[in-house]
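The structures come next, written out as structure tokens.
After this come two complexes, each holding subunit A, first together with subunit B and then together with subunit C.
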Partner chain A sequence: MTPPSPTVLTATNIRKSFGDREVLAGISLEAREGEVISILGGSGSGKSTFLRCLNLLEVPDEGQIAIGDVQAPLARNRHGRLEVSDGRAAARLRTQTAMVFQGFNLWPHLTVLQNVMEAPLRVHRRDRDEVLATARTLLERVGMAGFHAAYPKRLSGGQQQRVAIARALATNPKLVLFDEPTSALDPERVREVLALMRSLAEEGRTMIVVTHEMAFARDVSSRVVHLMNGRVESSGPPAQMFGPDASPAFRAFLSPAAL
Partner chain B sequence: MMDDLALLGFGPDGWAPLLLKGCVLTLAVSATSMAIGTVLGVLLAWARLKGPRWLRRTALVYGVVLRGVPELLVILLLYFGLPSLILSLSETFGWDAPGLPPPFLVGSLSVGLVSAAYQAEIFRGGVGAIPRGQFEAARAMGFGDLLCFHRIVLPQVARVVLPALGNVWQFNLKDSALIAVTGLSELMRTSLVAAGSTRHPFLFFGLAMALYLVLTTLSSTAFHYGGRYSNRWDRG
Partner chain C sequence: MEEHLTFIGSVTAQLVRAVPVTLLILAVSGVCATALATGLTAMSVARSPLARLIQRTWTFLFRGTPLILQIFMIYYGFAMIPWIRHGMLWTAFRDPVFCTCLAMTCCCSAYIAEIFRGALAAVPRGEIEAGRACGMTGFMLLRRVIAPSLIRIALPSYSNEIIMMTKSTSLASTITVLDITGVAQQVIAHSYRTLEVFCAAAALYLLINAGLSALLAALERRLDVDRAVPSISVPPVVEPLS
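Showing the complex of A and B:
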């Protein structure tokens, strides 16, 4: 038996409320190197909020997060609320991760190439030639080699998302978070982005993907997590989750999609 | 007619050198006050957007006051009012009495303080126009606040605010004429003196008008091209 691969992410008992509404009611998740975890759930199940807690874009009310063996700098302030206690440490932690957004969020004032080079160059302060070489390779990889000098506004949604994925990979992060990466795309564009994500999974990238794409979750992920009412309703390898022993609640969630 | 031309020339009776010096001084005062306004305006906008409650309030009150009173009053208050207050205080406490403050500095500061109030509103609106996802994309990749401001926020804000800043600059340039009351020989003051001592008010005020128009037109053109450059990624 091979030893288990090292843990990339540990999230323990994450809770989050917006006003009176409890969105996350205590979620724990561990991701090991090379795992692709799909997080599924109805709208309002808290899946995006959970993902955004993992890189501290949202500050959870309770819980602990660690990337590798580095704890996220969360501490209670004098009112007893959890907050980021050290902004620099939080930024350092985020340099180990990357995120792909539903709305792409490319920087419109930078060209495609500049978008990809920005973080490794300015945040990681890597050597410019090395960064340029990596960026070229990545853009080639996502099928955007001919678009180095283009500004994002000129690109289609699918093209923008592929550039955003190249941007996310440019720092060679330990973990890539995908927040509904295909939800804002035309069906045709969805396919090109999913194909790219599949190839990333195959090369062993550690990915956590919030998605509505059942086929992706079933065929590509190593684990599927079903969130309901801010909790993990059920989770397991896709063969189990999509098999005859699936939880009734998850089957009910799937059924409208199956129609 | 020939006399008039001699008055405007570079000869011994000509006012041209002084008027040109006035133009330079007007530009210098305007640029200084614009710079003061930009620095303070950014700080005020930051205070309004991100500051703790007391600072938000203070910045708000600052804007209401400085935009709500005549600029001439601000200049008079800082140049004549404040020194007289300090004078009476120094008599009370037996300090050495300071003289009148340097007109260039106080003039630029007065116009700059008012300019800051307007610029703060512009910057606040400009930052508000940037979608949240832009900040999030930067933060998610480990950008610190300063780097995010410099690389992501500033270039995008510049595009939104440059046309509005062009307007503020034009106001600054014209308001700098009010600094004439301090005796600083910028363009307005020089024209006043020239008009009075030569008894040719129409000639010199007409000329001052033309010179102000040249200054404002040239600088708005500069702002126009600056605006186009900062907008290059959003065209077509």
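Showing the complex of A and C:
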């Protein structure tokens, strides 16, 4: 029996409210190396907010986060609210992760190649030749090898998202967060991006994916988490979640799609 | 007719000699106002309420009062303050060119700061988040992500402001500076030939602004990444990987 793979992410009891509206009502999640966790849920169930808490783009009101064995620098201020107590430490934590956004968010003034090289070169200060070689390999990997000099504006949504995925991988992060990566794409482009994500999963990347793509969740992920009203309603391996023993709430969530 | 042309020729020659004064005022106040506006923009998004208050008050005061009054107040008004009149600063404040530059710096910085502030708000949040998500902070985020977008968004309005400033420099003539307008009025006082002289002066301002517009438009084109790459031949889309 192989020993359990090391824990990459531990999020404990994450809570977050916007004004009076409680979006996250205490969510815990642990991700082990190589796991692909799909987070599903209706709109407003808090899944994107939860994902954004994991790299502190959103500061939770309660809870703890650790990437590897590095604790997120969260502390209470004098009003008792949780806040990032050390900006640099938070940035260091983020360098261990990468994020792929629904809206791609490539930097429009940089070429495809520059977009991919930016973080390893400037943030991680790695050797330029090494970074360039990695960037070339990655762009080839995502099928964008011929587009080094192109600017994002010129690319289709699917192409932009593939570049964004290459950019996310360029620092070789421990954990890749996907925030509805295919929601802004037309169906044909969705296919090419999902195929790429599947290949990343197969090579053992640790990924947390907020998605509406049920087929991806079922076929690719190692664990499915269903969020409802800011809580984990049910979770488990896809065989269980999509099998006959699934929770009624999750089945109700799925049923419109199944029709 | 010939006398006409000779007169315009000699007037133009006199006016051209004043062009450096106009350009000096423009350059000094342009650079200083831009630098000050950058600081004011930073203050407008600062955490400190005091910094934000100072920025708002500055804009309120200098945008809300006529530039010519600001020039008068600095040139004539400050001379009434004993510690300026008799202090070290008098060397500067008795110089009308300095006073014009100072007034224009204050006034135009308020306008430029508003341009920058608007542009900053228009920088897509997602680009900034992508920067933060990969671990960028503070100055690097500003330099690598925010500023490049901000400059591109602000440039058209900024160019407009610079053109306005060029014309505003003519107010210096009201406090004895012999810039293009100042010299024009001097010539008119001798010759009483208003139309020719003002036309010649106007032509010079047009020329300066035409040059500036061309320069700024070239900069805008250069920064527009979409046009900077002349229609790249798009290679065939590589088919989805599996």
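The working rule: the second predicted complex is superposed on the first by the 259 of 259 C-alpha atoms of A that agree within 3 Å, B and C clash if a C-alpha of one lies under 4 Å from a C-alpha of the other, contacts with A are read in each partner's own complex, and residues count from 1 in each chain.
We take it that a residue touches a chain if its C-beta (ideal position, glycine included) is under 8 Å from a C-beta of that chain, and two chains touch if they have at least 3 such contacts.
All values reported here derive from a predicted model rather than from experimental measurement.
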item: Fit or clash - subunit C, subunit B, common subunit A; value: clash
item: Touching partner for A:Gly87 - first (subunit B), second (subunit C), both, neither; value: both
item: Partner chain(s) touched by A:Leu24 [first = subunit B, second = subunit C, both, neither]; value: neither
item: Touching partner for A:Val116 - first (subunit B), second (subunit C), both, neither; value: neither
item: Subunit B versus subunit C as contact partner of A:Val220, first or second or both or neither; value: neither
item: Touched partner set for A:Cys53, first subunit B, second subunit C, both or neither; value: neither
item: More subunit A residues in contact [subunit B versus subunit C]; value: C
item: First (subunit B), second (subunit C), both or neither touched by A:Ala98; value: both
item: Which of subunit B and subunit C A:Leu175 touches, first, second, both or neither; value: neither
item: Subunit A positions touched by subunit B in one structure and by subunit C in the second; value: 55, 57, 87-88, 91-92, 94-95, 97-99, 101, 103, 105-109, 118-119, 122-124, 151, 153-154, 167, 171
item: Residue numbers on subunit A that touch subunit C, as the complex places them; value: 55, 57, 87-88, 91-92, 94-95, 97-99, 101, 103-109, 118-119, 122-124, 141-147, 149-151, 153-154, 156, 159, 167, 171, 191-192, 195-196, 198-199
item: Parts of subunit A lying in touch with subunit B, wherever the complex brings them together; value: 55, 57, 87-88, 91-99, 101, 103, 105-111, 118-119, 122-124, 151, 153-154, 167-168, 171, 177
item: Interfacial residue positions of subunit C with respect to subunit A in the complex; value: 124, 126-127, 129-138, 140, 144-145, 148-149, 152, 223, 225-226, 229, 232, 234-242
item: Subunit A partner contacts - residues on subunit B that touch it in the complex; value: 131, 133-134, 136-145, 147, 151-152, 155-156, 159, 233-234, 236
